[in-house]
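For clarity, chains are labelled A, B, C and D in written order, and residue numbers in each chain start from 1.
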Amino acid sequence: MVNTDYRISDIMTCAIANMLRDGETVFHGVSSHLPMVAMMLAKSLHAPDLVHLNIPGGVNPGSIHKSSYSSAGSDLLASAESYFPLEQVFDLSMRGKLDVAFLGGIQFDIDGNINASVIGDYHKPKVRLPGGAGSAVLIPTAKKAIIWRTKHDKRTFVENVDFVTTRGNLWRIVTPLCVFEFRNGKLHLESIHPNSSLDEVRENTGFELLYDEIKYTEPPSKQELTMLKKIDPHDYRSIEF
Amino acid sequence: MVNTDYRISDIMTCAIANMLRDGETVFHGVSSHLPMVAMMLAKSLHAPDLVHLNIPGGVNPGSIHKSSYSSAGSDLLASAESYFPLEQVFDLSMRGKLDVAFLGGIQFDIDGNINASVIGDYHKPKVRLPGGAGSAVLIPTAKKAIIWRTKHDKRTFVENVDFVTTRGNLWRIVTPLCVFEFRNGKLHLESIHPNSSLDEVRENTGFELLYDEIKYTEPPSKQELTMLKKIDPHDYRSIEF
Amino acid sequence: MKKVVSLKEAIGIINDGDMVSFGGNVLHRAPMAAVREIARQHKRNLRIVKTAGAQDVDLLCAMDCVQSVDAGFISYETKYGLAAHYRKGVQEGRIKGNEHACYTVICALRGAAMNVPFMPVKGLNAGDLLLKNDYFVVVEDPFGGEPVTLVKSLMPDVAVIHVQECDIKGNSIIHGPKFEDILISRAAKKVIVTTEQIVPESKTRLNAERVDIPGFLVNAVVHVPNGAAPAACYRKYEVDDQSLSAFIAMKTKEEIQEYLKGYETKDYVGERMAGRIW
Amino acid sequence: MKKVVSLKEAIGIINDGDMVSFGGNVLHRAPMAAVREIARQHKRNLRIVKTAGAQDVDLLCAMDCVQSVDAGFISYETKYGLAAHYRKGVQEGRIKGNEHACYTVICALRGAAMNVPFMPVKGLNAGDLLLKNDYFVVVEDPFGGEPVTLVKSLMPDVAVIHVQECDIKGNSIIHGPKFEDILISRAAKKVIVTTEQIVPESKTRLNAERVDIPGFLVNAVVHVPNGAAPAACYRKYEVDDQSLSAFIAMKTKEEIQEYLKGYETKDYVGERMAGRIW
């Protein structure tokens, strides 16, 4: 079943792109190349009026070809249609007008708790993580919070997170193996990627897998792969792998 | 003693200009032609580094020749050196960094209470006045609040104001007859204009005149009058008279 | 999806009872064509929010469109005198005049932009405004400092803003002073932009960093050259002295209705633009 | 009165124990020459405030200049990995890592710009950040709504900002993204601007509406071409990959001291400008 024409990064990018609807306001932050490419893909295919928001404030950048080392760089403003910087993106989300926010995290548990802060005690941490950046205010306020994580193992999907940077109201988590949906207060297995299996997901997840039926993530279409080559010729979507 | 070379508006303008020091940040609002001219005069003579702030946000406008009907117009920005709009002028004052603010008012009493709101009851006013604009936040926070008023009568300088729009911390009140100084919680007669007299001030003031000695306001100098003709050729300083 | 609409359609967005905030300041870049259309459509019980208003507020007060006015200053400037209709409405008890300190309007709108119920305000710590108005309250500082004044947020339903340039997506550029227009565009739930000129998207994109209101915040765009008149519009026109003086001399609703009628051709000149396929 | 000074003089404004806020964001337009000079002058116990920092914070942590860091995110981006010196400092208890949500840093700085002791924040209503940090508190809404989270204001003593253009009065123009630079220039008591270029006053006056930081807010101007390197500076230069990678590989203070020495000639190139009569 494994198609060698696409990689895990392509599957994740396309899966995320397909979660985005036309006209939505969508924000990604720093170190977020994969969702950035997914947003451009959605905009190029089914969501032309998607509103692309980012840290440097470039609304609907015309291109992301120059974003090699940063998804928060000036290049996003240089080709944009207007200026709407981070401060105001946050305000927008507070007003309930941010449809989708992309966020990270290091640990997740079945109850939708997210840790991006510390391993160990907050005041005397064993490991000080980079911090949740926008998570603690965007996950509670964005209409749909999508988390992506390029690692899927038992250290990431844990029984209990070490610290709750924020919790609740997340919408989807996209990993190299599957998509989780958060509903009724629990993470549910929404779909398994075509490159993976129920067993593999189970072996790499530290909590019980909840699901109604086994579904598989739609593999990238030819059209999507062709478009990906065009909008992301330098393969920034794979930087984290 | 009356010198026909200058008018009351000239005396007031020069008196105000002489209250301003070099390097100070100074703000005037709407309907404030006289202080606006005074600021330009001070800047042209003894205070070249005075920072002129205003509602449209033009920092240090190069000219006020076009401000015929408004002291809040775009002309102040058109010839300015930078943009610092009203919102931020207020913030600046809150931070204790506004040196001088020019404000109006309709009634004043000896205790430094200022009314710019209503005559009669606040909720059922006999007369609804325009409102105190910035007064209620600028008088408490600007280092020196200067009030100018082109009327000096017993309806303006009253025993008790009808409503306290704000109070305290004013510094000077300049009228067509005199200058009041606010100190130790009371208005004191600081100087009488050369065109007026102690009797005239007393007859037109509704509260007791406090003073240590009788002083007279310095009359406009030749240099000041010459400069006034240059910076205010259309005599905006007399609009309110 | 089509944002460029007629003035009538745009003002149709406003409901009776809405909280409405206008751009501009006193005699400058007030959205007067939109204000006139609000009067023509007989909107009722509007709650107006503006730091410093003049003919916009006065005209709507004259035409019985207004329930309350939250402002720091309502008056023309020296040359044109006071806002007689606003004063009369407040004095007769038909209109509630909620006096602010300009800055407290700004703070209340900042609260709306951040979607919090109040904003702390330094400076407003004395006088009767604090005592007579329930939108101010003084609280203890939970971090242990001095007592703090809070102003209740003002969350406009609609912001109405007149700009010099706007494209069909709503990306708007204001030349000259912006007054509180950017703030109200963020504070309001919906934004109506009237514009001197509808410019090509390629032009706004060239000036992306200078776009003051991004299109995705804008609900309706109306092409109204001279849409701020008789107020001034930077780089376009000065105050129309004759029109303003004439208005200020008017006493009755009938006179003002005639005045509004006199502007119809001018105010509706952009209708053709709205009809066009873009 | 003379604002154009040497880098050494400008950084002399900063006292041990000061709260200092840096402009830029992660790898972009961070005031790195100024940061290096802070390290060379062995400042101690600085309390750093920034929404999202990288080498600026990491370098000062490595050189023991830092007491606490209030930030939402401290890390390089994907390609360059984590901020090892910051992490180590926090893990060893030498540095207090006050985690914010980027937005709560912004709100805390807004509080400083308005000189109020706290700012209400929508959104931060769940999780341990609220419980573990004394700079957040949840209070009743005195206007009768839901409970409200307040963040304690962060009032920087000094803001340090790198810009592309500045005149001798301090009027500064930032090209491209401004990040939180304008906010911190208003929030801080003093402002140090380092600039790629000192431009004639006539040039800033021509672009008055585009001046991001008016001169009267600026205490010191330093001419430092490449003053953001190895971070990127829009329209001037990209990230200096080699320098950044070299730094990230360094483990000891001695190595970093050498690294700082290697920048001295570049960082002090503007000294001659400071000496000139303007």
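As a working rule, a residue touches a chain if its C-beta (ideal position, glycine included) is under 8 Å from a C-beta of that chain, and two chains touch if they have at least 3 such contacts.
None of the values given here were measured: they were computed from a predicted structure.
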| item | value |
| --- | --- |
| Graph separation of subunit C and subunit D (steps between touching chains) | 1 |
| Contacts common to subunit A and subunit C (chain labels) | D |
| Pair of chains joined by more contacts [C-beta pairs], A-D or B-D | A-D |
| Approximate Å spacing (C-alpha centroids) for the pair subunit B, subunit D | 39 |
| Intercentroid distance (Cα basis), subunit C paired with subunit B, Å | 28 |
| Subunit A and subunit B: spacing of chain centres that average the CA atoms, whole Å | 58 |
| Contacts with two or more other chains, residues of subunit D listed in rising order | 114-116, 121-122, 176, 209-210 |
| Subunit B residues counted as touching two or more neighbouring chains | 58, 77, 94 |
| Chain pairs that touch, as defined at the top of this document | A-C, A-D, B-C, B-D, C-D |
| Residues of subunit A that touch subunit C when the two form their complex | 25, 49, 51, 58-59, 62, 77, 80-84, 88, 91-92, 94-96 |
| Residues of subunit B touching subunit C in the complex | 30-31, 33, 55-58, 68-74, 77-78, 85-87, 90, 93-94, 113, 117, 122-128, 130-138, 140-141, 163-168, 239-240 |
| Subunit D residues touching subunit B - in the complex, by the definition given at the top | 1, 113-116, 169, 171, 186, 201, 204-205, 208-211, 214-216 |
| Subunit D residues touching subunit A - in the complex, by the definition given at the top | 25-28, 51-52, 71-75, 77-80, 82-83, 86-87, 90-91, 93, 97, 99-104, 106, 121-129, 132, 176-180, 183, 232, 234-235, 239, 241 |
| Touch list for subunit D against partner subunit C, complex | 107, 110-111, 114-122, 137, 139, 141-143, 145-146, 148, 150, 152, 176, 209-210 |
